[in-house]
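So, here come the structures, one by one.
Each of the next two complexes has chain A plus one other chain: chain B in the first, chain C in the second.
Right, the complex of A and B next:
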C-alpha cells in the first residue's frame, strides 16, 4: 500500500502540464467561412491556450508509455482502425531517430487524440477555436487570400508542404504538413427546423459558404473533407494539437 | 438479478481501493502484459470475475461513469450479459425525443417477459448541463419510462460525445440552446457489440426486434 501511495504521488507530480509549449490565443470575433447556422454570421471566441505545434511522435510515445491502454497492441478496434500507429517500429518506439524530434504524430484516431489531450488537462480544439486561429494567422501575418487558397489546395492536391512561418502568434503547422483532429469535426448544419447532417454531400454544404471566392472554397474543402472522417480513422497526414482553458493556467 | 445486486453492494467498498490501484496502473505501470492492465482498468468497479476478454468492438470498453435518473452510477460494462436498447435525447426537446422514447417502448414491449428481463434500456442525454438526474427522473416518469432496467443517464460532456460517436450519432448545440441531433436507436448484444441500428423516427420495430432477439439468443 505504501509503495502504491508513493507511486501515485510520483504519478501526480509527473502529470505533464501545458507548460511553455502553448500560446495564448486572444479572444475575438470569428466570422466562419461556412455558416453552420444561417442566422449566425459572427461568433465570439474566448481566449484560450493552444499547443504551439502539433503533438510530436516523441510526446505521443511518452503518452502510450504511461497509458498502456493506448499502445497499438492494446487499444481496442472500437477506438481506432487498423492503421493506428502503423508506421511505428514497436509499441513504444515511433522510430524517429533519423527524423527531427518534433515530427508530428500521425496515424492516430480521434479517440486516441482526445485521450492524449485529456491526459494533459486539455481537450481537442473545437471547430470554432481551430478555424478561428487559422483566421487569426491569415490576418496577423497578412496572408493574401489567394496565397492561402493555393496552400490549402496544394496540400489537398499534392500534399505539398506549406512554406509558411507565423510571426504573430508563434504557431507552427496548421496550414502546413499535417491536418489536425478537432473535437466536433463532423458537420451538422441547421436551418430553422431543418437539420442537415452534411453527410458527405459537397453540394449541401457549399450552399452555406459565405462567399464563393478561392479562399472560401479552400476553407470549405477543409470543413467538408474533415467531416468525412470517422472517429476511428487514422491517416498518414492527420495529427492533432491540444487546447486548454486559459483560466486554469494563469 | 439477485447476483447482480449483491455485486453492487460490494462495489461501493471496493471502489475506493480499486481506484488508487487503478490510477497507479493507468499512469505508471510499464507492464509488458497490456491486456491484463487493460481489463483491470475498465472493470475495476465491477468486481465480477471477467473470464472472457472483451471483444475488440465491444462498447463495454468505454470507461465512462454515467449517472441515471435514480441518481445511481452506471458503466456500460455493468450491462455485460444483457442486451441493451440505446437512444440519445435531451429533455428540452419537444418533438423528436418523446417520439424516440415511444419507439424504444414499442420495441421493449415487443419482447416477452423473459426477454425483457434480459434487456436493459439506456437513454443518454445530450445535455450535460441541463439534464440532471432529477430532471431526467421527471422526464422518465412523464414518458412512462421509469421502469425496472431502464436508465435515463447523464454524464461528462466528453463522454457524451464519445458515446454518440460510437453509435454514429451527430449532434450540436444550436444557438437557441437546444441540440440538433440525429435520431438513432441502437441495440447492443450481451457482449456490448452493436447488433442493430436504426435512423429516423416512428419506424416499424420489426428489424430492431429481430436484432434484439438475435442478441438475446
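Right, the complex of A and C next:
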C-alpha cells in the first residue's frame, strides 16, 4: 500500500491541476497535535492535490465575474459578514494594480471560500489534510520545533510574516502569510455533558494535548483560534486554498 | 417567566436588602423578566446577544470608566444601571524604554480601563471585537468620558494603532453568570452585549477567556472592576486619596525591531517584565502624590497571568486591608499582602511623613523586573 502510494506520488509530482498550480501531497500517517478523539492518535491520510499557494485576489475576481451571486453587492448577508471583500474598488476589481500578482484574497467567508473551491472541482481542505501538510512541511524541511513555535506565536500575536521557503513540496504560505479556511474548522470537543464548539474552555487544554512542548501549544493555538470563527466571518488575514481528490486528476 | 413563588421570594429579598441597607440606598435595580433573587442577589440574567454593527465610535464608553491609576468616585446614591462599552483591539504599547509590542487590548491600553460600580449595580456591557481595525485612541473624542482625558493626559505606553485579527471574549470576575453564554468568544467584527449585576463587593479582574487564555492575558487583555460595598468602607470619610494599581507580567522576546510574545517563557513563568499599571515606569515617571498624614487607599489587583504579588509599601504599615476588596475580610497592620493571580485587596495606610515611598512587589525578582512605583509625600500644613 505504502509502495503503491509512493509510486503514484512520484508519477504525479508536478502534474498540473485545475485553477492555480497544485502539488501532490503524498499520503501518510498523521499524528494530530490535538486529540480530538482520545482513542485516535494516528490518522492515515490519502494522497491529495493541494493548491500550492493561497487563492489570489486575481483568481477570486475571475470567480465573482463568472459567479455574480458572490459579488460583494449580491452575496446574501446570510453567507458573509459586513467586511466581505472589503477594500475592493468595485464588485469585480480587487484593486491589486499596485500589489504583486498572487496576493492572497482575504475578507472572504467560509461559504464563499467553499463556493470557490467547488467551482474549481475541489473543496476546502479538511482539518486533517491541512494540518498534515504543515507536519510534512516541518518534517521535510527539518524545521526545529522551537523555530516553528516562534513562527506561529509571532504570526498570531503580531502578524509577523514567516521567512520560510518550502523546498520539499513547493507549498507557499500556510505559515505566516494568511490564515486559511478549512472545511471542518470548528473543534467539537466534549465538555462534561455538553459539546463545546468554541475550541476548549478557559484554560481547559491539557486534556487535549499530546505533548506539552512549545510546538504543540503553537499548533493548538491555531486549532483554537480558527475554531472561534463563524462561517460568515471575514478578516484582513483570512484567506483559503483548495484541495482536490487525486483520482480526479488522473 | 416569573412565578408567584419567585415574586414572593424576590419581594422579600428586595425588602431585606433595603432593611440591611438601612434604607439609605435607592433600590433602582429591579428584577427583569426571568431573573430571580437569592439572599438579595440577582441571578438568572438574560442571554447574551451577539450581532454585527457598524460602530466606529469611541471604543470605551462609560461615566465611571477611568484610566489607571484613577478611580471615579461614585457620586450617586443607591444603585444605578451602567451602560459600558469596552471594545477589544490591537495596539502597539510600550512596556519599558525601547520595548514595545503588538498588544491585544481592551480599550487600547494594558491593563484596560477600570470600571467603578456599587454593590447591587447593574452593568449593561457591550464589546465589539475590532481586532481587524486600526483604532486610534490618541485623538480627541467628542464627549469623551474620563478614560480618554486621563489616557491622553499621560500616554506613557505611547499607544499606536495596529491590527491583529483574533477571536476574543470578556470574562468579568465581578459577574455571576454562565460563562459559556456571557463570556463566549466572538470573531473579529462581531459585537457581544450582556448584563451582569454586581452581587458581591470587591476588586475584580476582567480578562479574555479565549484559549489560549495564558496567551490572551499575557498579550494584555485584562483590567480591574471595583465594586464598592453598598454601605462603603468604615474609613470612607477619612480617605484622602484613592489609586488603582494593577500588577501583571509580560513575557516578551526581541524579534527584529520589535518584541513578540514568548510562550515558552510564559509556560516557564519567566517574565521579561513585571509591571504596575503596564509599564516599568508608569508609577515612577508619574508618581502618586500625597501629603504627610494623608490616609491613602490603594485598590491593588494582581492580574498575573501566573505569578503572585507580595505587595508592600516601603516605610508604611498597611493600617487596614480588605482582602479581595470585601469589607467583611478585614485585616489590620499588614506589612505585605500576598496576592495570587487574580487576587486583590483594598489597602490603606497613613503617610508617616514627607518623603519618598516605594511601592514594590516584595518578591524582589519581580521588583527587579519592574514591579515598583513611587509615591511622593509633601509636608502637611501645620
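Simple rule for what comes next: the second predicted complex is superposed on the first by the 216 of 250 C-alpha atoms of A that agree within 3 Å, B and C clash if a C-alpha of one lies under 4 Å from a C-alpha of the other, contacts with A are read in each partner's own complex, and residues count from 1 in each chain.
The criterion applied here is as follows: contacts are C-beta pairs under 8 Å (C-beta built on N, C-alpha and C of every residue); 3 or more make two chains touch, one makes a residue touch a chain.
Quick caveat: nothing in here was measured; it's all calculated off a predicted structure.
**Q** With both complexes superposed on chain A, which partner does A:95 reach: first (chain B), second (chain C), both or neither?
**A** Neither partner.
**Q** Considering only the touch criterion stated at the top, classify A:235 as touching first (chain B), second (chain C), both, or neither.
**A** The second partner, chain C, only.
**Q** Touch check for A:81: first (chain B), second (chain C), both, or neither?
**A** The second partner, chain C, only.
**Q** Quick check on the superposed pair: does A:71 touch chain B, chain C, both, or neither? Answer first, second, both or neither.
**A** Touch status of A:71: first partner only.
**Q** Now for A:37: first (chain B), second (chain C), both, or neither, which partner does it touch?
**A** It touches chain B, and chain C stays clear.
**Q** Find the residues of chain A that appear in the contact set with chain B and again in the contact set with chain C.
**A** Of chain A, no residue contacts chain B in one complex and chain C in the other.
**Q** With touch defined as at the start, can you tell me which chain A residues reach chain C in the complex?
**A** Its residues touching chain C are 81-83, 146, 149-150, 153-154, 156-160, 179, 194, 196, 198-205, 212, 214, 217-218, 220-221, 224-225, 228-230, 233-238.
**Q** State the interface residues of chain B toward chain A in the complex, per the touch definition above.
**A** Residue positions touching the partner: 20-21, 23-24, 26-31, 34-35, 37-38, 41, 54, 56-59, 61-62, 158, 161-162, 165-166, 170-172, 174-175, 180-182.
**Q** Write out the stretch or stretches of chain A touching chain B in their complex.
**A** Interface residues on the chain A side: 4-5, 7-8, 10-11, 14, 36-37, 39-40, 65-69, 71, 73-74, 76-79, 91, 110-111, 114, 118, 123, 183-184, 186, 188, 190, 195, 197, 231.
**Q** Considering the complex alone, what residue numbers of chain C touch chain A?
**A** 52, 54, 101-102, 104, 132, 163-167, 171, 179-180, 183-190, 209-215, 219, 255-256, 258, 260-264, 267
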